[in-house]
Every structure is written in structure tokens, then in C-alpha cells.
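Attaching a single structure in C-alpha cells format; questions to follow.
Note that the chains take the letters A, B, C and D in the order they are written out, and that residue 1 is the start of every chain.
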């Protein structure tokens, strides 16, 4: 096909779209709505996953020091912990701090019980990058002579790790289901659109147009319908996400902040949505119309 | 050029449209197919352009066997035939101009030639004013003439016209039939299915008569009785 | 029964189909409208059945003013007219039988009568064999006759037929036009747009001649020149 | 309209559907897929809400008794608490139990510290029906002479209540968005279906059929398309939910159980889905076709 021919056929596709306005607009609208569903729920699922992963970080391991540990030992250990790549954060809790905390809990009755500030040991509270390494980390630091004891809440670890794993699995599965159903919806719409132009296809065949010559404008139209649907959905989805993102970002003081919910980063997420929509819209438009038209070509 | 051997056509719903038709139309001939409504004229046309396949028998057109022809050969085969359909079959979303243009485009003629040819063709059939009208904005006779312009557009070897004057007044009809005569003189085989006795009697060409799907008469210089 | 006053019709795309037509067709008359292809015959029919409204002028049919008529009155008005459309306009998803049946159903005739009437009507137009065929399974002439059967089904006050014999052979055409004559004798006003000179000349009825949208002749016992 | 006429028109609708098979099947399929999306995500959102509400129940209030409280006082209080409608569960923790729990925490160092079993007071742990009433409940029981102290973790309360409120709000909003988009998708499909039968509508008008006579079969067809789509989606959605429900119910020992996730009750949920689908499918089918056809009737 020459370039002039190609240009002519693209022009024909646009002309066809404007002449079948109701069909075109309705199909673009359907692609738009379908991708909007994908977008909104996809982002919802993404953020659930994101928050579930964030949960893992909340788990901490307590490292209690022996009462004899002096400032140098403590500093050295602090450094070791900070350098450990498996550890995300390190917090030192002195004997005094531990005592104050306990005192609060027992409503100042400690002193009446004759318990002094050295009643509790000093400790480090660390959080791990990957909760699956907890056993390894605990075992390692237990060996240190300056460390009296290493504790963590085994059940919380198990609970949280399972919980977030499940949430991510379910979200992932739902994402796949959603995408599949969207594929069905969009290709179905394209099929309806092509079906209602069956007459044209048949006439073209009767006057001797090759299958390629008949298909190409339809396929381009399908691609364009997918493309326009995708662009509109992206604009709407993006707009909604930016709004929600801003609510999250500006809510540092209000009740939303209290929940500890986080939101997935703006740019990466929008880029992902954009690419996903264009791929889903355009490819489905192209492939959908190609398949839809094949049946009508058998004359 | 066209050979039918023992062709029988029974449609899916059981109606027998053609019964044991054998027929040969040599290259360059001008032939009419006449017969009462429902006698099988359009079905015969459909056999020749491979819109339908016969239930029994064989059909050869322009050297192609309608059963043996390959899927990818069909477009080229159909481009070698020009057809005026009884119900016109114009593309509803293209203007008169574009309908004719499309038939030329698919033959691969270059754009400059197309730009000259289309107005010429529309002028021949007397439609210079309505080039930008869509089929549903044209009168019945105008649509019929667009269909004719499209059928003759790429100088086919074989021209088949199914009632090409059914919606035309006598004067326009005569003009059209004389046009077909001219095209035939230039070497194109022409087959016209019609019930218009005046044009048949005017031309004195071969007349094939169908009745209830049977070939009942075939005269070389026939007329409409 | 039909009154056109100074009717001009300019279609959206600018083509002037009717120019200043004034015309009266009294109740019970039989009239032909003739004229070359594109002269405005079908447009005239569309004015009368209110498929289109005139650009200027007034149209009164069966006592209804085409501009003043209320939306809810239109169906009853159209049921008082039977129309054979040039392109048939049969319902594509209904069989021949069902197409005629539907026209009777909407008048509210009871089912027993419908069951008797439909086969009778199809027999009158010579289609007893194809009652269960869909329009795209019928030949051109057969479709035209189904359209005629539908148009006369509920005994309309006014029967309009746009080229009712365009796809019919001369013998069937004469049968059909004689049927229209009979219906007219029973009191129905009949208006036939046609280009078929033989039927016009056979009937010797009123002939209205259009040319390029103008009324150029109107003879009480006219013939096709 | 007589009954015979009505029956005839319903029959006509079925006939039309079978004669426009491709259109009908494609539309039913679209309704099916759309409702399936609604079903799957609706159930997902419902269960999120459900689990979020369940979170509230995890919050507990501790009621510490004075050391002098005797068995009778304790029993009386137990009864009072149990009868309180604002309280869902009541658990008694004796001094010994509290001591054992603490001992575990401190790795048996208690004794060496010279702390006996009466170091900690006996207590009741109660959970509230409605977390918003916590202040009221706490204030009330503080008045009791046999109660030494009432404590609860204010921040947890605030966090959890906000968290679950937000989750429920978001789920609710998404549910509404989803339903709206489904309405658009389904009515769009019905519009495409009617559009491609424009010719029929116009012919019927030209031969004098009343608008009602033309509309009714289309509207019935729309309703039937919605109905069949709804039934198929219900079967599929129900099947999926039963499967998932069984996984939850039979997982008492495996890791899923650990997460503490709950699933909304089977029968009520399915009933809700069924009613929702039928309403959404049938009403959209009816109304959608009614609106779609109106435009084509203006001739």
C-alpha cells in the first residue's frame, strides 16, 4: 500500500466515524465508561495493596540490653543496627524512658511498689524491611554478649504477614478479573458496532474489494474508538486521582490522617494508568474490530 | 465466458429458484434474461457473480470455476465483473461520487485518473448535479444510475445488470440501454435481466427466457412476447 | 381528498424537488403522476403521507392539515392511507405473511379475521407460495407485491403507489394495475407514481406530469407521451 | 389492550429477539458482564465494609477492681456488665491470671523482683457494641465504689473508629460510582441495539402504528435482555461467592484464618445480590429501551 493510499484510508476511517456518529459516540462512551471502572477500581485495589504492604513495616522487634551495657557498647550496637540493611528503622529506649512509659501505664503506682528507674532494661526497637527475615535477625542479635534478650510478637508477625499477603492476592486477582471483564465489554461493543454495518461489508465484498481493503478502515476505526475512549477515561480518572491524592496530602491534621492510610504516589500511578488505558483501549479496539469483521467477510 | 452446466439452485428455505439450467454466453455477447417475477433471473445473476453457489451443477465465469476458485482470488474475479444489483447495493455512508470512486480505488487506479473518471462516469448516466448526495437523498432512478456508473467504472470484462431500468422513465431507459450497447461494442460481455419489453424489443439481441426456474426459450435475435 | 397549495420542497442538502405545486385530487379519483427520474414524484408522495413536510405551501389530506395535525393523530391518519413505497420498506425481520398481518394488527382487527384476510390478500397479488419467506428471501417483484398487499390490507381511503410495477414483468404489471382499478371502483382514491407507459396508456385516467419539480401537465384522460 | 393482544405482543418480543439473535445475545452478554463486575466488586466492597465494622468490636475497655473486692461484689458486677446492652462481651481476669500474663511477658523475672500474685489487680475486659459510647460507659462505671479504675486505649479507639468509618465511606462511594457506571453501560448497549433497528421503527411509523404499539415490544425486549443478563450474572456471581464463602468457612486451621478476615453471611448477601441484579437489569432494560426508542419515533 502506498503512502497516499494509506493516508486515504485513514481519512476514510475518520469520515466513516463522523458519518456513523451515533455508533461512534456510543462506542467511545462505552470504552470510556469501561476503562473508568477499570481505572477507579484498579486504583482502589492498587492502594489497598499499597497499604497492606505498608502494614508490614509496622511490625517491630525489641532488643533488650544487659543492665551492664555502657554508653560505648550502646553506641556501637546502635551503629551496627543502623548499618544492617535488613533493618529499616532503629529507636533507642533508655531505662528512664521505659520506666516513664510503664509508670504511665500503672498510674504512678510503681514508686509505691518500690520499683526504681532501673526496674526495666534499656532497649532498641527496630523495624525490618522484610518480615520474613525476622527469625534470622532475631537469631543473629541474640548472639551478641551485650544483648540480654530479643523479643517480638510472633503472632502479630504471622497475622500481619498473612493479612497483607491475602489482601494483595485478592486485590491482584480482582484486578485480573476486572481487566478480563473489561476486555469482554469493549470487544463486545466493537462487535455490535461492526455488526450494525454488516451491509457495508457485504457490498464491498460484492464489488470486489479485498478483505484487507475492507478490514483496514474498520480496524483503524476500532483503534481510534479505543484511543479516544482511553484518553477521555484517562483525563477523568487522572482528575479524580489528583483530587483524592490532594485530600490525602493535605489532611495531615484531620481525622483521615489518624487512620494511617497512605496513597500510592501520583506520577508513577498516573503513568501506569495512562499506559494501561492506551494499551487496553487501542489494542482492544484494533483486535476487537479485526475479529468482529472476520465473520462478516465470509461472502 | 459464462458457462452454466446443469445448474440447480434450492435456497435454504426450500424454494427452487433454478432447475437444471445449462447455458453458455460467449465473450463479447449481449444477452437479455427475461421471465416473470420470481422466475429466477436474479438467482442466475447471483450464480454468475458467486453471491450464491449452485446446489447442483457447475458455473464457470471468466475462466474461474465458481467451486474451485480460491478465497483470495474472489476479489479479483469480482472486479472483472461489473454488477448493477436489482436493489442497487450502494454504500449508504458514501455519496454518489464516493460510491463510484470506491469501485475505482479498489482496482488501484491512481488518484489523478480517478478524479477525472468519476465525474465523467456520473455525467454519462446523467447525474452531474447529485454527486454529493447520499443514496438516501437520491431518487430511485438516480440510485439505479449511480449503481450503473459504479458497475461500468473499471471497464469490466463482463457487465451484469439486474433490472437496470426498473426505476427509470422510458426516455432515460433508452439512453441507458444504448449505453450498454456501446459498452458491449467495445468488447464487454453484457447480460441484462429485465422485464422491460420495449428495451428488449428495441435491441434485438439474444433473449434467454426463464419461467419458474426453467430455461424455456433462448433466441439469438429474440424479442419480448 | 388531497389538496396541495403552492407546495415547494427544498431538501436539507439544497436540492429543490418540488416547485410551487398546486393540485387537488378529489375523493374516488384515480390519478397517475409521471415524469422523468428525479422529477419529484416520490417527493410528492412523501408530502402526502407526511414523510416530509413542505418547505413552503400547504398540504391537506383526508381532511388533515399536514402542518396542523397533532402528533397523536398521525398514526390514525397514516392508517387511512395505504402506501406502496418505491423501495418497498418491508419489515426485514418479518415474513411476507407477518408484514401484511402487522398492518392489520395495528388497525385493531380481530385475530380470526386477520387469519382469513392475510392469505386472501397474498393470493390477490399472486404470492400464495412465499408466505413464510423473509423479504431478503423474496425476488424484487415479490417484495413489491408484498408491499402492495400490505398497502391495501386495511381498505384505506387513499392508496398511494410509488412505482408499484417497477420490478414486475408486463403481465404481472397489468394484473396489478387492474387490481388498483378495482379498488378504485370500490371508492378508494388511488394515486400512482409511475414511469410505465403501457399501464398509463391502458387505463386512460388522469395523468399529472412533473418535470424538474414543476407541474407541467395535468390531463383528465391522459396518456404517456 | 386486550389480553390476547398483550400475549401477541409478548410473543412478538420473543420472536424479534430470536430473529435478531446476534444483537440479543451480544446485549445479554454485555448486561451479564456489567452485572458481574458490579457483583464481584460489590461483594468485595461489602466484605470490606463488613470487616471494617468487625474491627470496631476488637476494641476493649479494662475495668480494674479494687483489691478489697470480694467474690460477691465481683459476681454482682459481672452480672451488671452482662446485662448492660451497650456491652457485647465481658471477660473476667483474676489477679492470678493477670500475674501469669505479666510473668510471661517479663520472662519469669517477676519473682526475682519480689512481686507476688497480688501485684496486679483483678479486672473485667469488656467490648462495646458502639465505640462512640465509650466515654459514657467509662464515666458510668467509674462511679462504682468497687471499681478502682477504668482504662481504654483512647488512640486505638480514635484510630479504629476513623479507619473503619473511612473504609465504609469509601466502599459506599465506590459502590455508588460502580452502580452509576453500570447503568451507563447497560443503557448504552440497549441504545446500540435499538439504534441498529432504526429502520424497523421508521417503517412501523410510516404504516401507521401508534408509538405505544411500536415501543411496547422493544421495551419488553429490553426488559427481557436485562432479565436474562441478570439471571446469568446472578448464577455466576452466586457460584463464585459460595466457593469463596466455603473457603472462608473451611479454613479454621490454615493461614487465611489467622488474618481474622470475615465474610458476609451467605443467604442475606445472595438475596441482596439477586434483588439488586433483577432490579438493575430489568429496570435498566425497560427504561433504557424506552428512552433509546424515543428518538427514533420522531417521524
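The definition used in the following text is that a contact is a pair of C-beta atoms (placed from the backbone, for glycine too) under 8 Å apart; a residue touches a chain by one contact, two chains touch by 3 or more.
Predicted model only: the values in this text are computed from it and were never measured.
One simple way to say how far apart two chains are is to compare their mean CA positions; for subunit B and subunit D this gives 66 Å.
One finds 23 Å separating the Cα centroids of subunit A and subunit D. Chain centres here are Cα averages; for subunit B and subunit C they lie 28 Å apart. Taken chain by chain, the contacts form a single closed ring in which each chain touches exactly two others. In summary, the structure contains touching chain pairs A-B, A-D, B-C, C-D. Listing the residues of subunit C that touch subunit D in their complex gives 49, 51, 74-81, 83, 85, 89-93, 102-103, 105-107, 111, 150.
Remark: subunit B residues 11, 13, 15, 34-38, 41-42, 86-87, 129-130, 132-133, 137, 139-142, 144-145, 162-163, 166-173, 195, 197, 224 touch subunit C in the complex. Put simply, subunit D touches subunit A in their complex at residues 22-23, 26-27, 29-30, 33-34, 36-37, 40-41, 44, 107, 113, 115, 119, 149, 158-159, 162-163, 166, 170, 174, 177-178, 181, 184-185, 188-189, 191-193, 195-196, 255-256, 258-261.
Subunit A contributes residues 4, 8, 16, 19-20, 199-200, 203-211, 213, 299 to its touches with subunit B in the complex.
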